[in-house]
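Below, chain A partners chain B and then partners chain C, in two separate complexes.
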Partner chain A sequence: MTINSILLVSLLLVAIWTVMTIRLIRSIVGLALTSALLSVIMYRLDAPLAAVFELSVCAGLISVIFITTVSFTQRVSRERLLARRKERLKKLFYLPFIIIVAAFFLAHYLKLPPLDLGAVTKNPEARVLLWNLRHLDLLGQVIVLLAGVFGVVVLFKEDRS
Partner chain B sequence: MISSFILVPFFLLVMLNLPFAFLRGRIAFWLTGAVLLRQVALTIIHPWFFWSTFLESVGKFFAFNLSLDALSLLMLFTIGVVALVSLIVAQSTITTQKRRFNFVNLLLIAVIGMNTAVLTTDIFSLYVFIELTAVAVFVLMALEQNQFAVEGTFKYLALSMLASVFILASIAFFMLVTGDISFAGIHDAFSVEANDMVLRLATALFLCGVLIKCGLIPFHGWVPDAYSEAPAAVSVLVAGIVTKIAGVYALLRLFSSVFVLNDSFRNVIMSIGIVSIVVAAFAALRQGNIKRMLSYSSISQIGYIALAIGCGTPLAFLGAVVHFFNHAIFKSLLFVNAASLEKKFGSTDTRIITGLGGQLPVTSFTSLVGMLSTAGLPPLSGFWSKFIIIFALFSSGRYAYGSIALLASAMTLAYFLFLERSVFFIKSEMISEEGSGIPFGIKFSEILLAAIVVAVGAGFPFILNVALLHVKELLR
Partner chain C sequence: MSPDTLEMFRYFLIFIILLFISGIYCILVSFNLIRALIGLEILIKAVTLLIIVAGHITGRGALAQAIVITLIVIEIVVMVVAGGVALWAFRYNKTIDPRRLSNLRG
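Take a look at the complex of A and B:
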């Protein structure tokens, strides 16, 4: 229980840092760390497959894409950076408090049923789950990918004519 | 077979993108039109179509867990009609062949998303397909790639993502408590322990998400920009049906037959509804752009639906469903009218377009039909739905809500008559710059939608008996 709590608290801290920091690169690192911590939690909750996906896609692939994008941008001057940090702090100073209060509320006032890990692990393996039980959602995901491809083609491919 | 509503557009989408050049021409338009017409026809002559036996065998392979009832049938019909009109408008307003082809593809994706969302029986699939529709619509809205369109799209995207976070969190809580995310499973969980704190929290989160998607008043920031800056055909689609399915359908389905609401939830939904009706009507009065005025009018009309859902009696639910249908049709009509003005004069600003006199007879007559129907004048379709909603409010003893809704209806009439007077009734020497006529496609869509408004209004008792009364049975 204590390890889970430590993981959860550090997850929250890293997530808050991700939002509050103003350097995009640090933000990306924060996001990757958040994903990594989340995948550890998922693994501890007996969902190894979800953990692997989270680690490979969210912590790995997406970070690479983000860093590639950021490498195309330019540095801002130190003064603007400081000004923006101040602005960010002014705008979002209440965020950690809200999250702490919400977490406290969720933990104490909400009588969440105890996690029944048996029910999760009893479920059929992922292959059966995806192909036999959730294949409508799978079709949806395929079409979402198609829509994404159309989006890239329509919005980013310059019209040569 | 129900899943043909999803599979037929899907196969068309795949087919259109095979590497054959001839598929990218006009044939894409005609095939898509045929698929949409098939959907409309199927919903009318439900249950069966002559080649359903062929599709039956395909259906065994794709055994989706779907269900078709009176509500989803009506939704499918509405989706078919509005998407068809949007397709016709796109054919006449989008200039390049390539862009038209992209429009057809994205329209098909949006139709698949909406069709599945109204047929599915579990809350996670509902979420997935609402998101699918949204992704297609984001791209459609930014199709013109001008600054304002991108800004409107970005606002919609940001708020829509926020809504998704709420909805996903809510689904996670439902999963945690019930271990089941089908509509029936969640409903059972409510009947076992209706006052469970986690269920309440999950319902509240879902409500927040859906209200953002509906664009009701505290969450309405994205609506005017998104509706008014999108290309003409896209604003018909988005204002006519997409936000209705993504937000209002979820509200209709879940908050009447899945979640069990207590009085405080009902009061919250009704207050948001009434505030939206009144505030959006005032905001509409002040708009100088036809599309922005229509957007605020849309918020106001969705307020009526929310009010009826909050009221929760079978009669009010019927009113909400009928108003959903009517609103989708006459709002599409009004956006097609706006498209025809945009096509002719290159603007929808009422300070620029004024005093058309008798120049655009079809547009001016059909817009009058649409506006009077929105305002709820008998014998047009809008009268019946507003009448049912207000009658239901009075008969359940909510006199204050009923009276305010009634008065706000008069305000709707006021802002539309101002618009109608300044744009169409005054005669002046305003002459179109390019002298381009209104394409036949747009005229056809205007007449088609106006005919539906008039026909539903005139034949309402008949339609009520044949199709709509079954809807009431869905209320649990």
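Take a look at the complex of A and C:
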């Protein structure tokens, strides 16, 4: 539990840094770090397959997508960045306080009722479960991927008119 | 469920709720489409952790992993399309500030 505690605290701190930092590139690096820490926690909670997916896709591919988007859109001068920093700090000033107060209240007042979950009769491997028992999920994934490809093609189509 | 497992779930749940608060705060105070997406990503991370913890304590880890893999696939598609929308908005409006996207129909 101690290692889990360290990982969870690190995850929360990195997530807060991701939200609060002024430069978008640093935010994206923070997001990738959050994903990496989350994948370690997932591995420790006996979910290695999901951890590998999280690490490769969320920490890798999504960071690349974000960096590409930022490189196409961000053209901010240094003066503008400094002006924005003050404005942003004013807005995000409250976040650490909100987190600390919420953590205090949750630690003291969050009570869970005893849950009766019943016995698990069979717990197959994740790969077996995904390929043999969750056909609808796979179909949904394929449809979502095709919809995504279609969306990107429509968005990036050159306007010939 | 044993008291130890319940205590572990409670401990994880506190951090999940705090992550959720961070993500919602990011979406609420940001006037930048990419930063809003980063907030959304943090929300998705909180949900992913919740599913994995729930799978771990109920002994249905395989089902949780299958659901998380589906979630990750949907997440990547959402991010790619949303990144495309942000680029499209920048191309036509020269800004990704949602307050200045005034030429949207509807």
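Keep in mind that, in the parts below, the second predicted complex is superposed on the first by the 132 of 161 C-alpha atoms of A that agree within 3 Å, B and C clash if a C-alpha of one lies under 4 Å from a C-alpha of the other, contacts with A are read in each partner's own complex, and residues count from 1 in each chain.
Here, a contact is a pair of C-beta atoms (placed from the backbone, for glycine too) under 8 Å apart; a residue touches a chain by one contact, two chains touch by 3 or more.
Here the structure is a predicted model, which means the values were calculated and not measured.
Participant: Could you look at A:L155 and tell me whether it touches chain B, chain C, both or neither (first, second, both, neither)?
Facilitator: Touch partners of A:L155: chain B and chain C.
Participant: Is A:V144 touching anything from chain B or chain C once the two structures are fitted on A? First, second, both or neither.
Facilitator: both
Participant: Applying the touch criterion given at the start, work out whether A:V40 contacts chain B, chain C, both or neither, answering first, second, both or neither.
Facilitator: In the superposition, A:V40 touches no partner, neither chain B nor chain C.
Participant: Should A:V29 be classified as contacting the first partner (chain B), the second (chain C), both, or neither?
Facilitator: In the superposed model, A:V29 contacts neither chain B nor chain C.
Participant: Just checking: does A:Y109 make contact with chain B only, chain C only, both, or neither of them? Give me first, second, both or neither.
Facilitator: First partner only, chain B.
Participant: Which one hits more chain A residues, chain B or chain C?
Facilitator: C
Participant: Which partner chains sit in contact with A:V57 here, chain B, chain C, both or neither? Use first/second/both/neither.
Facilitator: Second partner only, chain C.
Participant: Who does A:H135 touch here: chain B (first), chain C (second), both, or neither?
Facilitator: first
Participant: Touching chain B in one complex and chain C in the other: list those residues of chain A.
Facilitator: Common to the two interfaces on chain A: residues 110, 112, 134, 137, 140-141, 144, 147-148, 151, 155.
Participant: Over in the complex, which chain B residues touch chain A? Could you list them?
Facilitator: The contact residues of chain B facing chain A are 6, 10, 13, 62, 64-66, 96, 98-99, 102, 105-106, 109, 112-113, 116, 120, 124-125, 128-129, 131-132, 135-136, 138-139, 142-143, 145, 176-177, 179, 197-198, 201.
Participant: Would you pull the chain C residues touching chain A in the complex into a rising list?
Facilitator: Residues of chain C touching chain A: 1, 6, 8-15, 17-19, 21-23, 25-26, 29, 32, 34-35, 37-39, 41-42, 45, 48-49, 52-53, 55-70, 72-81, 83-88, 90, 96.
Participant: What part of chain A is in contact with chain C in the complex they form?
Facilitator: Against chain C, the touching part of chain A is residues 1, 5, 8-9, 11-12, 15-16, 18-19, 24, 27-28, 31, 34-35, 38, 41-42, 45-47, 49-50, 53-54, 57-58, 61-62, 65-66, 68-70, 72-73, 91-92, 95, 98-99, 102-103, 106-107, 110, 112, 114-117, 120, 123-126, 128-130, 134, 137, 140-141, 144-145, 147-148, 151-152, 155-156.
Participant: Which of the residues in chain A end up touching chain B in this complex?
Facilitator: It is residues 109-113, 119, 134-137, 139-141, 143-144, 146-148, 150-151, 153-155, 159, 161 of chain A that touch chain B.
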